[in-house]
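Letters A, B, C, D, E and F mark the chains as written, and numbering starts fresh at 1 in each.
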Amino acid sequence: MKKNNDRIAIYPGTFDPITDGHLDIIKRASKLFSSVIVSVATNMKKKPMFSTTERVKMIKESVQNIKNVSVDTFSGLSIDYCNKKNSYILIRGLRAISDFENEFQMALMNRKIDNNIETVFLMPSEEYTYLSSSLVKEIASLNGDISNFVSNYVNKKMKEKT
Amino acid sequence: MKKNNDRIAIYPGTFDPITDGHLDIIKRASKLFSSVIVSVATNMKKKPMFSTTERVKMIKESVQNIKNVSVDTFSGLSIDYCNKKNSYILIRGLRAISDFENEFQMALMNRKIDNNIETVFLMPSEEYTYLSSSLVKEIASLNGDISNFVSNYVNKKMKEKT
Amino acid sequence: MKKNNDRIAIYPGTFDPITDGHLDIIKRASKLFSSVIVSVATNMKKKPMFSTTERVKMIKESVQNIKNVSVDTFSGLSIDYCNKKNSYILIRGLRAISDFENEFQMALMNRKIDNNIETVFLMPSEEYTYLSSSLVKEIASLNGDISNFVSNYVNKKMKEKT
Amino acid sequence: MKKNNDRIAIYPGTFDPITDGHLDIIKRASKLFSSVIVSVATNMKKKPMFSTTERVKMIKESVQNIKNVSVDTFSGLSIDYCNKKNSYILIRGLRAISDFENEFQMALMNRKIDNNIETVFLMPSEEYTYLSSSLVKEIASLNGDISNFVSNYVNKKMKEKT
Amino acid sequence: MKKNNDRIAIYPGTFDPITDGHLDIIKRASKLFSSVIVSVATNMKKKPMFSTTERVKMIKESVQNIKNVSVDTFSGLSIDYCNKKNSYILIRGLRAISDFENEFQMALMNRKIDNNIETVFLMPSEEYTYLSSSLVKEIASLNGDISNFVSNYVNKKMKEKT
Amino acid sequence: MKKNNDRIAIYPGTFDPITDGHLDIIKRASKLFSSVIVSVATNMKKKPMFSTTERVKMIKESVQNIKNVSVDTFSGLSIDYCNKKNSYILIRGLRAISDFENEFQMALMNRKIDNNIETVFLMPSEEYTYLSSSLVKEIASLNGDISNFVSNYVNKKMKEKT
């Protein structure tokens, strides 16, 4: 197995849009590893609300003050992307039981395909336990206030969409 | 926080259609609070089988003998509807683990938006643990007998649809 | 089934000792019902850290400013105690999956014995999701700081025990 | 209730496509009962990747060496199909918590409709805990290698589709 | 792997005491297999309320009218007992999430030790979802009525103990 | 928050005794961080089977070939021990739903006491999903073979105890 001192971690996701819960996980990961690449999945089953360019821009705006975090995009399997980036560390946030199961299923399947990649699970702050991009979009579609769940910039972009 | 003697509880949902499990929760809520408003969500992501008018009619037929229960419709967030009705009590039925998680996620998010609304969870009779509107529709679509799960009136209306 | 305008709710438990999470549930219940009786179980399988008298005193200290809350003790089944107090409402706090199962099991069993008693589940503030009397006692026994989890009075009493 | 020495078990599903996890359950069931009919559901809500004929052919290829297993198709409720085949035994595989709930809900509902049918739950080998037809299809669509999850024949057929 | 027409199933447990939920599982198993041996564990970590002889007697009284059910005792691992009885089928009842996990953990561990033994999970009637021997004992100790949960004979024996 | 290039991770536990599942987690952690200290809790509520010295010796024997892993003991809170060792990383293995909840509860409580400590969750290989020290001890006490679950050295030490 690979092992190097320059530990690059990948945090893959759809980030449609990035929430304060995602940002919380990014900050935690940035303290654990040399660098973190937040990477936006471009091939999604469902059409996203925001384009890849928009999603990358919103993340960049959120992480601009965290030195060792960069933003990228990927298509295909996240483990193939890890290898391309010389990383063997996948970051995933765990919130609830359903997360737990889906994440473990994905991590076990990834491990079966490439045993060198290690999935590291981090726990968001308890105030983000309930938070997901889809809930944020649902609330916005019902004219609810989402300012407690996303950054000002994302909130503004959401309003332009709805 | 608001506190009054005339405790109005809201039981929001899609009720597409109302099942014996929903009715069980309505009866329990009607004994705990001064009045219960069963309120049908009109803005749904998926197209419902029954129109709002049909869903309201089926509920009214089911609750006609419970004095302190009325039926209404709402759009937007359920907590905004609560405020409009001078209620601060949301009723939710809890059946299984997946219910538990989704309902808690929704309740925590609601609380973040409006801390005055309290979600009250009630447990249906054990014989309704398995029951959901979507399972009823699935069984009906496979020509199964749903008479044990819905009222005669709803059963008749379901047959007209399939 | 019984139904009256003077809705008395019972919140039974061991409260060994009362935590900020218990207090959060008591406050929520006090807004939903006419009065709430916090009732300390005197017959416990495991020997409690605090005597019944001490546990009652700590609760009284915590709820002294909530007008419609009183403190009592009971032995035997909580549903028998409910009936004695002319109440048909049992309050239970739900925190996590394991709570969910144990509480539902207990509630279903209670319902089988006395179908008139309704169990009402409330959700504590997310910051108390992790909190339990036993964790508080464990942390105290390892010389950890518990001032974020219990009142000053309880903290003082805990220090006298350890 | 029916009871006979010739115990026929039905293993219903969509098998779109059959995975090594399905095959593991089929082998276990074949040792427990006189004969097992693997039966492919023809009326699915979502359009399958493979036609009924293709799905049947892939299963037949997989089970050709297990003497007491046959392959069939069905529409409508699985319990109605059981009765038509003089079977009262439904086989279901259980992998994870979410399986557990969905399967129990379905089994309880089936039992309510026909109390003669017994659902028997089997546990796949731990190496298939993560495996599902939809994950296999997702990995294939992202150009991942699925040779560890399905038979060579299914792998070849998957490649013809993508 | 072994495979024979005379399928003997083992239902191991502590049965301290047998409840209506256990009896429900025994009846279901008796319809699925040639014969069922209900087998009482004699080496328990916690001292049981009833002696092995008493527990066997209560089970015998409950199953006397089911032809293909017998009662026995065992010490050591249940899989070793299976082999001694020429059985390769272990019956387990599944009620709730916590059951699910413990049972799966035990079944996976058993399979690791002896891959020939298959664990078959059955689902009790929904009215027994809440039922366990320990809850029955707890209710009895609080002077509650347990007549809905156990047979008349067991109820009488319980009263002699408390 | 602290942040340094020399990332020391602490893996605390009772290790009574160390199993192949623990060893799997230690190996994974050793690839993610500069060094890993496996630390044995000396103040346990239940009397352990093995003394602190024995438990440390068994771990040392297991990790002797992993360069960046050392073994230590601690009493008190694991987060206080972390600080003493200039570490801000706690390693925990996650196996099942019940693990998930207990571990999250503990991690949230730790975070409340010291927000600088990050808990990192790793997933053991699927073949260790079922494995725990207590199950190993139970199987050994029933004369079962535990050679698939622990090292030869631990197996020998277990036999000396029983």
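The rule is short, and it goes like this: a contact is a pair of C-beta atoms (placed from the backbone, for glycine too) under 8 Å apart; a residue touches a chain by one contact, two chains touch by 3 or more.
Keep in mind it's a predicted model, so treat the numbers as computed, not measured.
J.: Trace the shortest chain of touching neighbours from subunit C to subunit D and give its length in steps.
T.: 2
J.: Taking B-E as the reference interface, which entry in C-F, B-D or A-C shares over half of its contact pairs by residue number?
T.: Match found for B-E within C-F, B-D or A-C: A-C.
J.: How far is the middle of subunit A from the middle of subunit E, if each middle is the mean of its Cα atoms, in Å?
T.: The computed centroid separation for subunit A versus subunit E comes out at 47 Å.
J.: Take the average of all CA coordinates in subunit D, do the same for subunit F, and state the distance between these two points in whole angstrom.
T.: That gives a centre separation of 39 Å.
J.: If you average the CA atoms of subunit A and of subunit D, how far apart do the two points sit, in angstrom?
T.: Centres of subunit A and subunit D (C-alpha means) sit 34 Å apart.
J.: Counting in whole Å, what is the centre-to-centre distance of subunit D and subunit E, each centre being its mean C-alpha position?
T.: Between these chains, centre-to-centre, one finds 29 Å.
J.: Give me the residues of subunit A that touch two or more other chains.
T.: Residues 97-98, 104, 108, 126, 129-130 of subunit A each touch two or more of the other chains.
J.: According to the definition of touch, which chains form touching pairs?
T.: Applying the touch criterion to every chain pair yields A-B, A-C, A-D, A-F, B-C, B-D, B-E, C-E, C-F, D-E, D-F, E-F.
J.: Can you list the subunit A residues touching subunit F in their complex?
T.: Those residues of subunit A that touch subunit F are 1-3, 5, 7, 28, 31-32, 34, 88-89, 94, 97, 100, 104, 107-108, 111, 118-123, 125-126.
J.: Which of the residues in subunit E come into contact with subunit F in the complex?
T.: Where subunit E meets subunit F, its residues are 43, 45, 75-77, 80, 97-98, 101, 104-106, 108-109, 112-113.
J.: Where on subunit F is subunit E touching in the complex?
T.: Its residues touching subunit E are 96-98, 129-132, 135, 138-139, 142-145, 148-149.
J.: Give every residue of subunit E touching subunit B within the complex, in rising order.
T.: For subunit E paired with subunit B, touching residues are 97, 126-127, 129-130.
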